[in-house]
Amino acid sequence: MNSCYNYVKSFENDDILPPYTWLIIRVDGRHFGMFSKSHNFRKPNEPKALALANKAAEAVFREFSDITLAYGHSDEYSFLLRADSKLYNRRREKIITGIVSIFTSAYVYNWHKYFTCTLKYPPSFDGRIVSYPLIEHVKDYFRWRQVDCHVNNQYNSAFWCLVAQGKTTDQAYQILKGTDKNFKNDLLFNTFQLNYNNLPNLFKKGSTLIRKSTNLDNKAMGSETSSTTFLDNKTIESQQEIDLKIEDYEINTLTELNANVELVTDDIINEEFWNAHFWVIDSTVKPPKLINNQ
Amino acid sequence: MNSCYNYVKSFENDDILPPYTWLIIRVDGRHFGMFSKSHNFRKPNEPKALALANKAAEAVFREFSDITLAYGHSDEYSFLLRADSKLYNRRREKIITGIVSIFTSAYVYNWHKYFTCTLKYPPSFDGRIVSYPLIEHVKDYFRWRQVDCHVNNQYNSAFWCLVAQGKTTDQAYQILKGTDKNFKNDLLFNTFQLNYNNLPNLFKKGSTLIRKSTNLDNKAMGSETSSTTFLDNKTIESQQEIDLKIEDYEINTLTELNANVELVTDDIINEEFWNAHFWVIDSTVKPPKLINNQ
Amino acid sequence: MNSCYNYVKSFENDDILPPYTWLIIRVDGRHFGMFSKSHNFRKPNEPKALALANKAAEAVFREFSDITLAYGHSDEYSFLLRADSKLYNRRREKIITGIVSIFTSAYVYNWHKYFTCTLKYPPSFDGRIVSYPLIEHVKDYFRWRQVDCHVNNQYNSAFWCLVAQGKTTDQAYQILKGTDKNFKNDLLFNTFQLNYNNLPNLFKKGSTLIRKSTNLDNKAMGSETSSTTFLDNKTIESQQEIDLKIEDYEINTLTELNANVELVTDDIINEEFWNAHFWVIDSTVKPPKLINNQ
Amino acid sequence: MNSCYNYVKSFENDDILPPYTWLIIRVDGRHFGMFSKSHNFRKPNEPKALALANKAAEAVFREFSDITLAYGHSDEYSFLLRADSKLYNRRREKIITGIVSIFTSAYVYNWHKYFTCTLKYPPSFDGRIVSYPLIEHVKDYFRWRQVDCHVNNQYNSAFWCLVAQGKTTDQAYQILKGTDKNFKNDLLFNTFQLNYNNLPNLFKKGSTLIRKSTNLDNKAMGSETSSTTFLDNKTIESQQEIDLKIEDYEINTLTELNANVELVTDDIINEEFWNAHFWVIDSTVKPPKLINNQ
């Protein structure tokens, strides 16, 4: 449909992401402090919200087969796109807006499956895409996010225990300011009879989604991964831990995902995880040698 | 929270859009041919879907005060961000993912207000952002989209009349292939007793959203624009036109928007529209002169 | 010539500058403090070096007809490329490396025409390219550089007078630190009997190169511009000013340029300059309307 | 120096190249067909021009210690910048204009050391920079250029033999059009008594510059590389080959380079070359692990 105005199209300028590099797209909740408060999310972790985010991430997996791995905690989710992916010819805007939109849409669409309370207003997310040259960078990216999950979770556990005890949020903030991990562990254990190690892995380790590759042999598929069951045998030690048991139950109920995606709550910092899932990361990044006609 | 993995952040590279240029973000439905079919959208135009898109666009207006004008038709919507906007320091990804996510979220969230049928699966959108140096380019951009609306609508009107008459979609395609606008107008009028001019403006002209500026005097606010009423006095000439009357009624019911946004279905190709709304486009693009100390 | 290694070309990614924007390329001397010292440049201004830079800039004009205006002082030179230029399809690297290379090459090639001393080692330059949406931005860019020329020149005049008087460079620096323009003017006049206003325009105003457009009528060509003669009637007041007279003579001898380029040393801050040269900046930035077939 | 015009600086937007990727900058002669003709370059290869290009490349090595490898033939030269280089914070324009300018400047500056004829006008070069994620891509890049050298050289050898024989350039073009390497080898051998294999390596393999790393042990320094001597024992078979002997002599005289750079004319397609010079490519691309405080 040509008109005299078509020239404005000449201003469009596709930003192409570098070829043969790993692409990681991170989706983040916009104003989720306010959102979680107005929807009464349990503190420090709302299992229903985490399960909903996993469900939204699953929708992204279903749409883009080049996404093989994802990791989420709190209100963020990171997706790994294979280095050899040609998705949308690696156009930055097309990839990032598609993923953010699918995640958002699935989050709103599935809300009522996880929450009984009404969604009061439409939540939204933003996203960024980063290109990494080496698989080692990719592993370190995901390690970075899991360290972040751990640090935030430990802090928030202590913070909300203090608040539950009657402290104001400002007092809780002052008590924890500048303290190290041992202080927080001791506080949780001695004051609140909460063994941090007994928290569900979903909270401590976050959620890792792995594409199940049906055209690969079973050995490669990492059937030895722990996961999908989040309930472990533990001695219940406190009211907090009774709550945890309830949460564990909820988590198990909530986390039924698509057959092609596996949800684990493993440690992804250790090399073992990456070795077990080498088929996910063993991309054919090798240059496509054609005919050697020199 | 520093860890040995924090270095991966150094790969992040914010793409900054050029300052003092007009930014237009276009949101487009992904796979909306399939989506509209599976949700039985009326052809060639589904007023409920257009009203829902307007509602979603309104949510974008509410969130970003630097957006002053928008135009949508079919499954696309274009938003104008003022040339002097400093939104997110003009970071490309932050702006585009925020807008696409809000639009998507509001679309899904408000679905049931416009449709009685259930939303079968979460729809999604992609987006692109383009920078324009001159206001003349901006006007021509929106003219380009309205010409596109008109041409598509005329084609689709003829196409779906043919299909309603019993032609297969392939036959309809062959009949219209390569024909000009006069042929289609004659076909609509002579074969289907449909006067194209009597179609609702919402279909022919698309939807234009204009920010009402409460801190500007009334004279500037273009109170003389036609708009918000879509029902005109027309002589009904065919069954198609009776349907149109119903649609007009629906449109009026559906299009109640936020007080700060005005919906019009005007011609935005003529200079009159732009003159009447000069306050929208009269950006303070002038350079911020500080102290003249030469 | 296809080989199995050709795939590496797929990593090339042309960066296209936005269409219909003004492009300004600034070339800057690399390590020119050291270079000017090792070649005994006169302080604060070496007319031979300025003339050589003008000669190098002229070579850029000769090669690229879309360059219509340039401005240089000290070891820098800025070139304006018309907003409607399609040079190298507006590929960033192609434009910037071509201009920097031509400037560098002409600088070395013409050295012996201006200097009797041998060029001890090859000097080099770097460059940057910036896109400006409005002609007002372009004017302000060149005003910015001329203000910079003036401020630097006044400072350097005072600095080198102090050094000539016997002060160390460190003492001179301390004396001038934080002083305003009046202090420096008074210092020059009272201590050194140097009237700043009597300095050659080449030093105070820098060099402006304007393309002579032979296919435009004479009226438009600004034949009323002062310029190309740098020697004004002045009362000689000091030894410094005697030197200036010599420099003026040199400047006149040195500044014979190509017939299609005019060198002026005008004030380019005032609007008068821009009005007189409107044909330089009156780019056909208007959108290329094709056929209005709506 | 602040003025009301400083705001124009806000339009500057540094393009940062991705971290931890290999950067290759290729410099290419602009209009070198014309340049080589007007300076009577010997065909198909002018040893003096190649030696001058090597000298210009050496100047780039001297300036940027992060450049470890370069390869040139004809009028092009490619420089490898280490993946972990922080040169100019990896600002694209700063790196590329600096390298192109140094190369250009040294080419003009050193002209008279290689040519007795006067340089008639200043030659210029353009450049591009490309980012490669893996060392395998880097190797393949340089292989690609050496294959190109070989193919061009074989073609040009046959072409200029035909012209020397009395053919017009158009006739020579038609004779060689679409022919394969065997045809050209046979033509050279049977018609011109020229054994392609006896051509100097400088012509067949191009020039490879390798940084000598003085702080590395000698074993690593590849002392077993052939190189720096270009004269081999060969049976002279034709007038062409007598000319070659002269050229060989010239080459040896011409190619005295800086002590820190080694010039070789090796095959860089085979893995042996890369193994021998592993210390050049064994970049510390490993992520800079700081403190593991998880």
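Lettered A, B, C and D in written order, each chain numbered from 1.
Assume a residue touches a chain if its C-beta (ideal position, glycine included) is under 8 Å from a C-beta of that chain, and two chains touch if they have at least 3 such contacts.
This structure is a prediction, so every number in the text was calculated from the model and none was measured.
Q: Shortest hop count from subunit B to subunit C along touching chains?
A: Steps on the shortest route: 1.
Q: Using the contact definition given at the top, which chains are in touch with both subunit A and subunit C?
A: A chain counts here if it touches both subunit A and subunit C, which gives B, D.
Q: Is the contact between subunit A and subunit B built from the same residue numbers on each copy (over half shared) or from different ones (under half shared)?
A: Since more than half of the residue numbers are used by both chains, the interface counts as same.
Q: Just give me the whole-number Å value for how far the CA centre of subunit A lies from that of subunit B.
A: Inter-chain centre distance comes to 33 Å.
Q: Just how far, in Å, is the C-alpha centre of subunit D from the one of subunit B?
A: Subunit B and subunit D have C-alpha centres separated by 54 Å.
Q: What whole-number Å value describes the gap between the mean CA coordinates of subunit A and subunit D?
A: The mean C-alpha positions of subunit A and subunit D differ by 47 Å.
Q: Where in subunit D do residues touch two or more of the other chains?
A: 3, 5-8, 11, 13, 18, 20, 131, 137, 140, 147, 151, 287, 294, in rising order.
Q: Specify the contact topology among the chains shown, as one of line, ring, star, complete or other.
A: Graph shape, chains as nodes and touching pairs as edges: complete.
Q: In their complex, what parts of subunit A are in touch with subunit D?
A: 18, 20-21, 83, 131, 133-134, 136-137, 140, 147, 150, 269, 285-287, 294
Q: Going by the contact rule set out above, which residues of subunit B touch subunit A in the complex?
A: Checking each residue of subunit B against subunit A gives 1, 3, 5-9, 11-13, 15, 30, 59, 63, 92-94, 96-98, 100-102, 104-110, 119, 121-132, 137, 140-141, 143-144, 147-148, 151-152.
Q: For subunit A, which residues are in contact with subunit C within the complex?
A: For subunit A paired with subunit C, touching residues are 2-8, 10-11, 13, 16, 18-20, 287-294.
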